[in-house]
Amino acid sequence: MLEKRLPPIGSRPGTLAIPSDSPAPRIFLLDYSSEHLIENPVEDLEQLAPHVHTENTTWIDIRGMGDEPLLRRVAEMFGIHPVGLEDAANIPQRAKSEIYDAHQIVICRSPLVEDGTLAFPQVCMFIGRGYLMTFQDRSFGFFDPIRDRIRAGIGPIRASGPDYLAYALIDGLVDRYYPVVDGLSEQLDELEDLVLEDPTADHLVQLHRIRRDIAVLRRVGWPQRDTIVDMARSPSPFITEDVRVYLRDTNDHMGQVMGRVDFCREVAVGLMDIYLSSLSHRQNEIMKVLTLMASIFIPLTFIAGIYGMNFEYMPELQRRGAYFVVLSVMTGVAVFMVWLFRRRGWLGRRRRRG
Amino acid sequence: MLEKRLPPIGSRPGTLAIPSDSPAPRIFLLDYSSEHLIENPVEDLEQLAPHVHTENTTWIDIRGMGDEPLLRRVAEMFGIHPVGLEDAANIPQRAKSEIYDAHQIVICRSPLVEDGTLAFPQVCMFIGRGYLMTFQDRSFGFFDPIRDRIRAGIGPIRASGPDYLAYALIDGLVDRYYPVVDGLSEQLDELEDLVLEDPTADHLVQLHRIRRDIAVLRRVGWPQRDTIVDMARSPSPFITEDVRVYLRDTNDHMGQVMGRVDFCREVAVGLMDIYLSSLSHRQNEIMKVLTLMASIFIPLTFIAGIYGMNFEYMPELQRRGAYFVVLSVMTGVAVFMVWLFRRRGWLGRRRRRG
Amino acid sequence: MLEKRLPPIGSRPGTLAIPSDSPAPRIFLLDYSSEHLIENPVEDLEQLAPHVHTENTTWIDIRGMGDEPLLRRVAEMFGIHPVGLEDAANIPQRAKSEIYDAHQIVICRSPLVEDGTLAFPQVCMFIGRGYLMTFQDRSFGFFDPIRDRIRAGIGPIRASGPDYLAYALIDGLVDRYYPVVDGLSEQLDELEDLVLEDPTADHLVQLHRIRRDIAVLRRVGWPQRDTIVDMARSPSPFITEDVRVYLRDTNDHMGQVMGRVDFCREVAVGLMDIYLSSLSHRQNEIMKVLTLMASIFIPLTFIAGIYGMNFEYMPELQRRGAYFVVLSVMTGVAVFMVWLFRRRGWLGRRRRRG
Amino acid sequence: MLEKRLPPIGSRPGTLAIPSDSPAPRIFLLDYSSEHLIENPVEDLEQLAPHVHTENTTWIDIRGMGDEPLLRRVAEMFGIHPVGLEDAANIPQRAKSEIYDAHQIVICRSPLVEDGTLAFPQVCMFIGRGYLMTFQDRSFGFFDPIRDRIRAGIGPIRASGPDYLAYALIDGLVDRYYPVVDGLSEQLDELEDLVLEDPTADHLVQLHRIRRDIAVLRRVGWPQRDTIVDMARSPSPFITEDVRVYLRDTNDHMGQVMGRVDFCREVAVGLMDIYLSSLSHRQNEIMKVLTLMASIFIPLTFIAGIYGMNFEYMPELQRRGAYFVVLSVMTGVAVFMVWLFRRRGWLGRRRRRG
Amino acid sequence: MLEKRLPPIGSRPGTLAIPSDSPAPRIFLLDYSSEHLIENPVEDLEQLAPHVHTENTTWIDIRGMGDEPLLRRVAEMFGIHPVGLEDAANIPQRAKSEIYDAHQIVICRSPLVEDGTLAFPQVCMFIGRGYLMTFQDRSFGFFDPIRDRIRAGIGPIRASGPDYLAYALIDGLVDRYYPVVDGLSEQLDELEDLVLEDPTADHLVQLHRIRRDIAVLRRVGWPQRDTIVDMARSPSPFITEDVRVYLRDTNDHMGQVMGRVDFCREVAVGLMDIYLSSLSHRQNEIMKVLTLMASIFIPLTFIAGIYGMNFEYMPELQRRGAYFVVLSVMTGVAVFMVWLFRRRGWLGRRRRRG
C-alpha cells in the first residue's frame, strides 16, 4: 500500500499516460472582471472560443482526464506546449514551476485524507495571458472557497488578473497542509502518553505509520516549497510584482509547514527511542521479579531437599526442635535475600508510577 | 500539548486571523530625540496624528490584537502594507525580515518560560521613516529595560533613529535565549549524573522533554538567526550602516546561542545512548545474579533429589558417613561454581561503584 | 558479491581496459531523415565511410567491446577523442556528460534485473555533428523501442537530429528506473507486514538486501541525475534548445525516481527499527511466560519440599486434614500470583493480535 | 559542569560585561623593527603614547580585564571601535574576524587543559596600522614562544609588520589543538581495547566524556577554522598578500585538526556501538550458562522427584537394579542435553578469547 | 594505534619538522624529451645545475627527508617557496594544490597496505617551468610504472611537459585506491555471510576495524578528491588545457572511488544493525529453550513434589493405580505445554536455516 499512492509513470515522450479509470473531463468556465461575471459549465469546446485572448480573466477549470483528444484540442486552442500538457495529464508529478513562451506551468500537490489514508492529488495550472487553466484528476473540492470569493467579489480578486487567481488557489492548497501536519502532531502527542504508560506492539505500528506519513509529506512538500520560493523570487512575464508580494507570504506559510513537519519527524524519532527504552525497562522489571522469586525460593527448596534425603544416619532428623530450627533458617535466608535485593534497589521502588 | 504552543494558522489572504482570546490593544507612545522625550499611553488614535512624519524618533508600541478595525486604522495612518499587517496579527509566524516600499518588517520570536512550559511569543516590528511600530500579542515585559534606557538617556539611543531602537529591542530579545539554553544545559548535566547512577523511567520522560524543547528551539531559532544575518548583511534603506555594525554583534550572539543549542542536542543524543546502555548494564547485573543462584542451587537440589528417591536398594543410603560425604560434595560443587563465576568475571567485581 | 557488479578499473591512461570476456563488437547502422531510412548491420568498417559528415542523422550502435583495434578505427573515423573512447570502453564509469571539441560524451547507467540480481549496465553516447554513436558492453535490449519508433516514424524523431535521438534513448533509460524502484517499494511493503506479524532472521536478510540495493541505486542514480540536470541546464553546441525542453522533462522524471529511492531508504530504516522492536517485544513475551511459570511453581514446589522433609518431629504431618490445608494454601498462592501478574498487566492481555 | 566553561553572556550593547573575578590588567609593550627592540611592562598609560603611529611594529599585550576605565582609555588611545572592545572584554565569543575602518579584529580560541578539564580561553587581537593589540582574560602563556622568537630575532618576524606577528600568534594557537586532539584519539584507542575486553559502566562514562569533549571541540573549532579561511582568502587592508600565503598554511593545519576531530567523532560513535554489542554479547553468554544449567538439571531433578513420591504401589521401587537404571537414564539425559547444546553452537566455543 | 599513522605536526613557521627516523635523501634525475633521455642518480647537487631552466622535461625525484640543508639547497636551486618546502617536509599534510609564482605545489596521499595496516604516505610535487620535483618520505615504489613508461617511450609522455608527467603520477596514485576499496568491500561481503550465520565477538572487532579504515579513507580521500577537482577545473599557468582534459578523467576515477567508499560505509552501518539483530535473535532462541524447559519440567516437578510429601493422611497414596494416573497427568501437562508453545510459534520452526 506504500507507493500505490504513486502509480508508476513510465511516460513515453509524446504520449499522454492517462490512467484508464480517469473520469471524462468536465470543464467549468469562469470569465470575470470588476464589472462582469460569466460562469457556466462547458459542454461544447466551441463555447470556449470567445474567451481566448480577451481583456478579462478567464478561468478554465478541467476536472478529469479521461478523454485525450478533448484535452489536446483545449490545449491547442490556448497554445499549451505539448510537454506541458503531458505534465498536466501524467500524474503524479513532483511540484514544479516552469516558464514557457506562451504560459507558465505550475504543478502543485495538496494533501487530502480519504478513507483514513493520506493522498496528494495533483493540481496543474497554466498561467497564460488573460487566462488560467487548471487540471485536476477529478474534482477534489479544493477550489470551492475561491470560486465563492469570486462570485461574492470579496477582496481584490475580481479586479486582478490570472496571476492573482493562481496565487489564491495555491494559497488555498498550502493552507490544506496545516490540518494534516497538526493531525500528525496530535497523534504523536497521544502516542507519546500511551508509550510512556505501557508500550505495546500496536503503538509501534502506529508510530511506523506516522513516520511513513511524515516521510511522504517531506517528499511531496519540499518540491512544493521550492516551487513557491521559485515563483516568489524569480521574475516571470506571467506574474506581476504585486502578486509576487503575496506569494512571499504563501512561501512563509509553506516554510512554516515544512518546519513543523521536520519537527514532527524529530519527535517521532525520539518516540521510537522511548518505545525501545520502555520495552527495555519493562523487561528489566520482569527480570527482577523472576530473579527475586528464583533467588529466594531456590535456596529454600534446596534446604528442604537436603532433609528430604533418605540417608539412614542423618543426626539432625532425630533432634526434636530441628524442624523449627530449619524453618527459622529458611525464614532468615528469605529475609536476607529480600534485604539484599532492596539494598541493590531492585525491590520496593516502583519506578513507573513515581 | 506538543504543538498547542503553535495554534493553527490557516490564514486566508486579506483577512486577519486574530485569536479570539486576544486582549484589546493598548498603545504606548514614546517620541524622543536628544533634546526631548514624550511618553504617554494612547487612548484615542487622534493622539498619534502629530507624530506621523516628524524628525523625531517615534515608537508606537501596540500590545494586544483584539480589535481589528483599530489595528487597520493605525496601519493606514502609518502606511503599513496590508500583507505586513497580516504578518503582525496572524501569530505565530516564523522570524523574518522583509523590505517594503514604506517600511521594513521584522518578525522576531523570543523564548519565555511560563508555568514551566517554553513558549516563543512573537514580536513584530515595522521600521519606517522616523517611527518604529511594534506589535505583541500581549505584554510580555520584553521591552521594559530598553524603555528604561530611553527614559534615562543611557548610551547613544536617544540620539539615534528607529533603526537603532529596533536593534536595541532585537538585541534584548536575543539575550533572552541565553538563560533558556543554559537552563537546558543544566538540566542535561543533572540528568546525566542521575542516569549514570540509576536509570529510571522518569529520566527517560525528562530527557524526552528536553529533547523536544531543543527541537523547538532549533525550529524557532534558525529562522531567527537567518533574519538577523539578513539584517546585518543586506543593505536596506531603513537601517543605517552604523546600526548594521551593531547588528553584526547581535548576529554573533545568536550564532553562539544556536551553537550551544546544537551542542545540547548532541549531548542529549549521547545521554539517550547512556540511558539505554545503563539499562542494558543493569539487566546484565540482574541476569548474573539469577544465573549464579540457579547455577549453584539447581545442581545441589538435584543431588538432594537423588537421595530423596525411595528405591529399596540404594546402597549409599545405608552407609554411615554417606550423608556427610554428600554434604561435602555439595559444598564442593558450590565452591567450584563460585570459582567458575569469579574466573569469568561475573562475580565479585561490583562495577557500578568502581 | 557486493562489488562484483563493479569490476575493478585501474585503467592506465592511454590504454583500454576491455574485460577479457567482452564479446566482439557488432555494429548496427541507422541513417535516417524525414524522407529516408537506411538500416543495416555493419560487417566492414568501410560501410560506415559514406555516413560520416552527412546532413542526415546517423546512429552507429556498437554492442560488445572485444576488439580494441576495431574500436580505435571507428573512433578515428568519427574523430572521437582518445579519452572519450577510454570512457566508453573502461566500464563501469559513473554517469557523466562532457563536451569535447568534436562531440559531447554522455555516459548513462540504467538498471537491469538479471537472475534476480540488480545490475547497472553502462551506455555511452557520443553526440556529434550529424551522428550519434552508442557503446554498450553487450546487447541489453535497451534501445529496441526507440529503434521501432524510428522505423515506424512515430513522433518527431525522424525529423530531428542526433540530439533528439540521444534524448529519446536517455528518456528510455530513465524510465527503466521506475519498475526497479517500485519493486523495492513493494518488497518493503510485504516485508513490513511480515515483520510486524512475526519477525524472523530471514526478514533481516531480506531487509539487508533491499537496503543494499537502495544504496546501489543511490550511488548510481545521483550521478545519473546530475548528468541530466547538466544536459538540461548548461548550453552545449550539440544539443538544441528545443531538445533541452524535453530533457527538462526527463530531469523531472529522474528527480522523481531519486525522491522515491530516498523515501524507500527512510522506510527501510524505519523497518529496521520495527524489526528490532518486534524482537524485543517478542523477548518480553517469552520472559513473561518464564517468569510466570517460575513465580507460580517455584514457591509451590518449595512448600511441597518442606513437607517432604524427613524430620521425626513435624507436628503438621500427623494432623488429619493437614494435607488438604496445604493443598488449599498452594492454590491460594497460585491464585495470588496470577492476580499479581494480571494487575501488573503481564498476563491476560495478548497484545500482538490486538 | 557542562556549560560552566561558557559563562552566560547577556551582554547589553554599550556596556562591558567583565567577569567580577577578572584580574586587573597588566600591559606589556614590545616595540621592534629589524634594528631595535624595546620591551617593558607598562605601569602608566602615558608610556604608550610615543608608540602610537610609529613606523615600527608595536605589540601591546593586555592580560586581565578587571579595570574597565583603563581598557577604555587604551582603546581610545589607539582608536579601537567600542563594539570591538566589547568583543574583546565580553568572553567567551565565537572565533571571528571582522574589518573596521581603523583595525581588523580577530578573535581566537585555543584549547587549554587545566586540572583535567578542557577549556578554550579567548584571545582577541586588533591588527591596526603599525600596532597589534592583544587581549587575554589572564596570562595563559600562549605567547611566550613568539616573544622569545622576537627577542632572539629568529626568522623574518623582526623585519615584518603586525600582520605577520598576528599570523605567528594565530599559528601558535592552532598548534595547541594538535596535542588535545591526539590526546582524545589516544584515549579512544585505550578505551577501545578495554571495551572489547570487558565492557564496564566506567567505560561508558569515559566514552561519554570523550564525546562531550569532541562536541565542544567541534563547536569551538569550526568557527575558528572559518575565521582563518576568511583571513587567508578575503583581502584586508591590514594583512599583506605575503602574510596571506602563510595564513593559507595555518588554514591547512586547522583543516587537518578538524578532520581529525571529525574522525575521532566517527570512531567514538563506533565505539558506542561496540559497547552496546559487547554488553549484548556478554548477556548472551550469561543466558547460555543459565539455560544450560537449567536444561540439564531441571529434567534430572524431575526424574528424581518422581521416584521420591510416596505412592504405595510403585513397581520400579522394588526392582533391585532400578536405582542404577535411573542413574544411567539421568546420565543419558545429561549427555544428550550437552550434545544438543554443542550442536547448536551454544557450548564449547569460547568466543571471547578467539 | 589509531592516529599513530598520523604523527603529530606542530610545525612552527620557518622550520622543517623532519621526523628523526627519516632516511637521508636519495635524488634521482630524469631528463627527457622526444629525442633524448638522461637518467642517473644524483650524488652531488652540482649535477642538477645544468638541468635548471632547460627546454626539456626534468624530473627530480627525492626520496627521504633526513638532510635539511640538502633539501633547502635543492629548493633554492629551483626557486621553491619556503612555505612550499615546509609542506613537502612536514608530513602528513592533507592533499591540496596551490599555485605560487614560480611553481604549483600538489600534495597527494595514496593508500599503502604494509604489514596488514593501512597507511597513506604523502607525495609532494612541485610543477615548475620545465621541471617536476617530487618528494617522498621514503621510496614506496609508487612511481616505478611511470618511470618504465618514460624509459620505453610508451604513449605521449616523452613528448609532453612536466604537467603531463604530474598527471601520470597522480593518475597512478589514484589507481592505488581501487584495490584498497575493493578489499574492504570484499571483507564486508565475507563478514556479512559470517554474521548472518553466527555472530561472534570477533566479527564485531573486524567490523569495527573496517569501519575505522573506511573513516580514514574518507578523511584522506575527500581532500584528495577536492585537490584533483581543483586542478581539473581552475586554470593554472603550470598545467596546459590538454592535460586538464586528462585530469578530468582522473577526477572521474577519484569520484568513483569515493562513491564506493561511501557505499562501503553504508553497508558497514547496515552490517552493524544486522550484528545487533542477530545477537538479539540468538538471545531469543536461547530464551525460548530456557522457557520451554522451565515451563515443562517445573510444573511436573511440583506434582512429583506433592506426592513426595510425608503427610500421614494422603488418600491418593494408597490407591493402587494412583502412581500411573499421576504419570499420565504429568504426560498430559507436558504435551499441553509443548502444544501451547507450538501454537505460539516458539517451538518447531527453526528459523535460522529456513
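Note that the chains take the letters A, B, C, D and E in the order they are written out, and that residue 1 is the start of every chain.
The definition used in the following text is that a contact is a pair of C-beta atoms (placed from the backbone, for glycine too) under 8 Å apart; a residue touches a chain by one contact, two chains touch by 3 or more.
Everything numeric here is computed off the predicted structure, so don't read it as measured data.
Chemist: Smallest number of touch links from chain B to reach chain C?
Modeler: Between chain B and chain C, the shortest chain-hopping route counts 2.
Chemist: Please state the rotation angle, between 0 and 180 degrees and to the nearest 5, that superposes the Cα atoms of chain B on chain E.
Modeler: 145
Chemist: With chain centres taken as the means of their Cα atoms, state the distance from chain C to chain E in Å.
Modeler: Centres of chain C and chain E (C-alpha means) sit 25 Å apart.
Chemist: Need the CA-centroid distance for the pair chain C / chain D, whole Å please.
Modeler: 40
Chemist: Of all residues in chain E, which are in touch with two or more distinct other chains?
Modeler: Expected reply: 276, 280, 283, 287, 290, 294, 298, 301, 305, 308-310, 314.
Chemist: In which sequence are the chains arranged about the ring, given a start at chain A and a first step to chain C?
Modeler: A, C, E, D, B
Chemist: Which chain B residues qualify as touching chain A in the complex?
Modeler: These residues of chain B touch chain A: 1-3, 6, 8-14, 81, 83, 86-87, 93-94, 96, 98, 100, 198, 200-202, 204-205, 208, 211-212, 215-216, 219, 223, 272, 275-276, 279-280, 282-283, 286-287, 289-290, 293-294, 297-298, 300-301, 304-305, 307-310, 314, 316-318, 320-323, 326-327.
Chemist: Residues of chain A touching chain B in their complex?
Modeler: Residues in contact with chain B: 145, 154-156, 167-168, 171, 175, 178-179, 182, 185-186, 188-189, 192, 196, 245-246, 248-249, 252-253, 255-256, 259-260, 262-263, 266-267, 270-271, 273-274, 276-278, 280-281, 283-284, 287-288, 290-291, 294-295, 298-299, 301-302, 305-306, 308-314, 345-346, 351-352, 354.
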